[in-house]
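Presented below are the structures under discussion, each in the form of structure tokens.
After this come two complexes, each holding chain A, first together with chain B and then together with chain C.
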Partner chain A sequence: MARLISQSDWATPMIVAVSLGVLISLFNPAFLSTFNIQVLLEAVSINVLIALSQMVIIAIGQMNLSVGALGGLAAVIFAGLMEVFGLPPIVAGALALGVGLAGGFLNGLLIGLTGISAFVITLATLSIFKGLNLAITQAQPFYEIPDAVKHFGNATLFGPFPIIFVPAALIVVLLVVFFNRLPVGRWLLAVGGNAHSAELSGISTAKTVVIAHAISGFLAACAGVLLVARLQLGQPTIGDDWLIMSFAAPIIGGAILAGGHVSTVATVFGVLIVAQITQALVLFHIDPFFVQVVLGLMILAAVSVNQWRELRMQRAGQE
Partner chain B sequence: MSKIAFETRSVSKFFPGVKALQGVSMQMRGGSIHALLGENGAGKSTLIKLITGVYRPDEGQLFAGAEPVNFTRPHDAIAAGVGVVHQERNLIPRFSVAENMALSQLADRTIAPIDYAALNEQAEPWLDMLGLDVEPATQVSRLSVAQMQMVEIAKALSQQTRVLLLDEPTASLTPMESKALFDVLHRLRDDGVSMLFVSHKLEEVKEICDTVSVLRDGVNAGENIAMDNLERQDLIRLMIGREQNDAKPRHGRSGEQSVALELKDVSTSLGHKGINLEVKRHEIVGLYGLVGAGRTELAKAIMGAAAITEGEVLRDGQTVEIDNPTDALHGHRIGYVSENRKDEGLILEHSVLENAGITIWRKSANRLGWLTGASVKKRTVPFLEKLAVKTPSLNQTVGNLSGGNQQKIAMAKWLAAGVKVLIVDEPTVGIDVKSKAYLHELLHELANDGTAVLLITSDLPEMISLADRILVMDEFVIKGDVKNTGDYKTMSQSVMEHIHHTEDELRRAKAS
Partner chain C sequence: MKRITTLLTGAATLTVVALGAQAETKVAHVPGGPHPFFADWEPASIAAKEDFNLGAADYKFPQKWELNLQNDLLESLVTQGYNAFAIHPGDPVGSVPTLNELVGTGAPVIAVSACVNDPSDVSFCLASDAGASAYTGTKHLIEAMGPGTRKIAHFTGWLVEPNTQLRIDGVAKAAAEAGVEIVQVIADIDAPEPAEEKIGAYLAAHGSEIDGVITTAWVPAVVASNAMRRIGDKRIKMVAIDHDEVVMNAIRDGFVVGSMLQNPYGQAYVAAFAADKLLNGCEVSADAPFTSHPLTERFIDSGAPYVDASNVDTRADVDRAMTEELIRKVEADFLSCN
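Then we have the complex of A and B:
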């Protein structure tokens, strides 16, 4: 059992996340207050979706720069449909998620068909999605959010558990099953691990790329919709600051940027680590702008550890 | 004679401007191993791609047994019982052995959950059959190169393969591992599997193949000839259209020369312990060992790419500290030709000239620090010519040249830099006989001109025809120093005695 834990991908991030929590609460017991845990879980619920949206693309060895722009577009469409057309939240939400899915599908199609790098394609679509967002909103937020949505975004179930934690947890479980048990999930990892070999075994790289980007777009839209509910307004700036977060958590979770290896659970712990540090800075009255600096340092530390591990594994493989 | 398992009848394949194959016929029979020989660029890879459904023939017809077949994608070939073990590793490193073997099944399903226990059970009999002592649940990245090769064969067989193509299966195997592979191939032959064996090592081909077809410049130079009637020289004549003399063993003239490079009790951060080694001017010293013995790693430590933790490195008798490869080249005139020319030796997207000139940019820059094409050309072209690099122009992208020519360019760039000590790592892996002979001659000439050469190779015949002395390395330690007598039999015996290979392998198999 001990060996199982030490060999799993999520053991290290889990230990770091837990010890961080213990450490912070020792210095400042307020960290464990119901309110604080609620705020923490709210942040984690949304950030997990952002991180997973990127992780799915890292799995195939690509990157998606348009995660934030697409999530932001879905967010303002969700809010706009409710305010301007008075659509019921369920319908507006479904359409917004559909936009995310379609946007991701478009990314995947362009990459799969042209063979141009995902970096360039998603850089271009980032600009397109953001432009559409600004054209729709004229850079003004949508304020008229129905009470039901506000409630959904801010109420708790038992004690500190926010309702938005439920869809996030559900998606995490689905992705764990997807990547570990479903052939289509394994396609993503196979293509990321050795695209040539996957192709020779009959796995279509183009199809796999499209599937991965569609899922990525859908997850980004989920994050955007939940964020509207939580902020209680349709901000056109939603998504602008997602990019670093989206890479940081999977990397801290041990994902390999070359593709072929990601861990959903470890990414969740990666998000938790980032959220805890962010909160600790607030609790200890440190300038919140330092969060960015700390995030950058954590990415550097995580890649170094990943690299060291990879080298060790190669060495072990040779012996 | 047994039935025909697979046949190509007058197949041709044209690419814009190139006739890659023209009217090539070949018959593979059940329960027999058929060799496919040819120099690099003769069309072997194209033929394999036709048989495995990667390409479609422009003319001619493929037959599986007596049935004409038309493959439009690799899957069709697999379905027709044609499997292939490729030259480059084709496994997903993070997947288990069993999952890799079942990958084409997974390609046909989308969301029906995978039953790993069932995959493991499926894989087990094939692994047993090949005598591969590996758990099906083991992650492939934890296996040795030889084990991965076996997994690929198991994978092919598990797909009901009756026609198995092996594209240079022994390129990265040690002699012992190759022998184990041949035992497996013999057993498969007895079971009636038809195999196509592609290799540049003619000794192997003679040893295990029953028939041979030879390609030269895209056409048949020999078709389904029984191996019994052929000598090594005959094979070479078929491949290159003329006789070729084996490089003769060197008779070293290095006895009284000064020592150019010496290591004294060197330990490295990579795990080498107490390495003593000296290479004199005019001398070729071979460093022999199995894959993973630490030879390449030692070369990298000498070049300053890894730290030397203990001991001394002496260059022309002076203690030196080499911090990085730039320092090795410019400060100490030591060059390293990587075994991995695609990743480390060359920049494939760049031109011939840019690659060959990269080591001398610093020297060729004029007083203002500008680099002119003419000054680089002046210093590199003589060497490119000397090596007979075949390229349409100096501006040709290196990635489009054949493996042999790429290797020549990788060497040329060090020659241009005027190194005094040259470390050559597996110089002829995947290179055809003719280019190989050129490279051997070249190494001889270099040594005769005074360069100290440290040669790393896993190809024992090559080692014996080139080296003056052979150092045997195992597990990051030098186990012995054998003077080269030039006699293959006694040499291979004394080299092997220093390795105690069988015991090691047993131990390794148990550990993994």
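Then we have the complex of A and C:
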């Protein structure tokens, strides 16, 4: 069992995350308070979806710059449908997730049809999705969020576990199964590893790209909808800050940007590491002017530890 | 740069010729980017058009809070015939060349709710004194906390925003005067996600160690108000900024002591009035009683009233009275119309 864990691709991020947690709690025991764990899990629940939304695209060797814009659009549609049209949360949520799915599908279709790089296409759709967001909201938040949604976003299931942790955990499990057990998940990794070889093996690259982007859009929309519940309002700026997080966590989790290798569980630990670092900066009263510098350095350190471990494993394999 | 100036001048000339000698005022209210603070600018534009008989008064915002996008929008508005501008500058220094170009086309430009650095050609800056507002808000917080050794936390906005440092200084000054310790300043959180994460983490770990919270930016005020409600601990006193409904409801329910208002509606409304006057023959008075501001010598303080449980339900009256006083003051003391 121990050998299995040590050889898994999520062992190092897990060790870093646990060590970081122990270290922070040694210096500041309040880190382990029920309320703080709840705050941490709330942040992780949403950031995990953002990171997985990007991870799915990294798996096929591409980038999705529109993750935040699409998540933000789904968020304001969710809030707007409830406030303006009085739709029940379930219906509004389903439509918002549908918008995310459709937006992702559009990204994939445009990339597949035109052959233009995902970077360029998603850069363009980022602007379109953000423009739609501002056209809908006129840059003003939607405030009339039903109490049931507010409760869903802020209540706990038991102890410090927030309710929004449940859908996030469910999606993590589904993605683990998707990448490890389903053929379509293996297609994504095959296309990311070597698109030409995958094509020769009978895998449709275009179809795989569309599937990956549709999943990515859906996950971004899930994050947007959960964030509306957590913030208790539909802010048009939702998603503006997602890009760095969306890349940082999968990379800390050992994802290869060229594609072909990602780890869902390692990405979850990557998210946990970033969330802990963010919290630590607040807990240890870091000067606000140096927060970004310290955050960047700590992410760099976490990535370096993972790279170092992989190199060691490669050398051990060669010997 | 020269090409842009030529284009703008040409467009403005054509517009003036088309409209006749007496320019029909078309005011554009342009914030630095999308932000809930500017929600009242659109109704203010509509009211100003009606009340001052303007040709147009429209609220136009760049898609993102980026200086180049605001500059592009401003240039586009000139070509669309707008000939007077009320602008929240995207950057106190970087905005100056573009604003000077607008003035070069004959359009009066007023910096609204934030100022640009002197020297510039803008007519004046009409805004709340951010530093003074933060100072007064902290004074109210200290009063609410009562006597004794007190510790407070300060949650504020983007570090690149010119008002942020003024606010940090204002809070520090009031705290130092009263012997109150500022144990933490959390900045760069004028967006929902980082604000939620950092304010939540701070209150979870250090909530028991502080007696008060002062917030000096819109989003941190909203997020901290929600956090106070969630914690349910009314021992920690909080003074917010601005008039978001979440904050106002938290004041009503006793989770927040009060808030420092800025009256963005009045600022935009009065700016449209002044811009129209300046376009049609009035000038800024040579002996206008401008007040001192760290960025400019042409500063009109639009006021920063304090709202608490006693007047939260009559906030609209507070704003209205402030707007009426401001328009009277601007017309009588700052404009010279012959």
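Basically, the second predicted complex is superposed on the first by the 289 of 319 C-alpha atoms of A that agree within 3 Å, B and C clash if a C-alpha of one lies under 4 Å from a C-alpha of the other, contacts with A are read in each partner's own complex, and residues count from 1 in each chain.
To be clear about the criterion, a residue touches a chain if its C-beta (ideal position, glycine included) is under 8 Å from a C-beta of that chain, and two chains touch if they have at least 3 such contacts.
Quantities reported herein were computed from a predicted structural model and do not represent experimental measurements.
Enquirer: For A:Asp240, using the defined touch cut-off, is the partner it touches chain B, chain C, both, or neither? Pick first, second, both or neither.
Expert: A:Asp240 contacts chain C only, not chain B.
Enquirer: Let me test your reading of the model: by the given contact rule, A:Ser8 touches which partner, first (chain B), second (chain C), both or neither?
Expert: neither
Enquirer: With both complexes superposed on chain A, which partner does A:Leu227 reach: first (chain B), second (chain C), both or neither?
Expert: Only chain C; A:Leu227 stays clear of chain B.
Enquirer: Quick check on the superposed pair: does A:Ser201 touch chain B, chain C, both, or neither? Answer first, second, both or neither.
Expert: A:Ser201 sits against chain B, while chain C stays out of touch.
Enquirer: After the superposition on A, what does A:Trp187 contact: first (chain B), second (chain C), both or neither?
Expert: Touch status of A:Trp187: first partner only.
Enquirer: More residues of chain A are touched by which chain, chain B or chain C?
Expert: More residues of chain A are touched by C.
Enquirer: Between chain B and chain C, whom does A:Asn154 touch in the aligned arrangement: first, second, both, or neither?
Expert: The second partner, chain C, only.
Enquirer: So in the superposed three-chain picture, is A:His261 touching just chain B, just chain C, both, or none of them (first/second/both/neither)?
Expert: Once the two structures are laid over each other on A, A:His261 reaches chain B alone.
Enquirer: Check the residue A:Gly131 against both partner chains and state whether it touches chain B (first), chain C (second), both, or neither.
Expert: second
Enquirer: Could you please specify the touching residues of chain B with respect to chain A in the complex?
Expert: Within the complex, chain B contacts chain A at residues 73-75, 78, 86, 88-95, 99, 103-104, 106-114, 141-144, 291-292, 508.
Enquirer: Using the touch definition up top, name the residues of chain C that touch chain A in the complex.
Expert: 34-36, 38-39, 42, 61, 63-64, 159, 183-188, 191-194, 196-198, 200-207, 219, 222-223, 226, 230-231, 245-246
Enquirer: In their shared complex, at which residues does chain A touch chain C?
Expert: Against chain C, chain A makes touches at 28, 30-31, 33, 35-36, 38-40, 42-43, 46, 127, 130-131, 134, 138-141, 143, 154, 227, 230-233, 235-238, 240-242, 275, 278-279, 282-283, 285, 288-289, 291-292.
Enquirer: In the complex formed with chain B, which residues of chain A make contact?
Expert: Going by the criterion above, the answer is residues 177, 181-184, 186-187, 189-190, 193-194, 196-204, 260-261, 313-314, 316-319.
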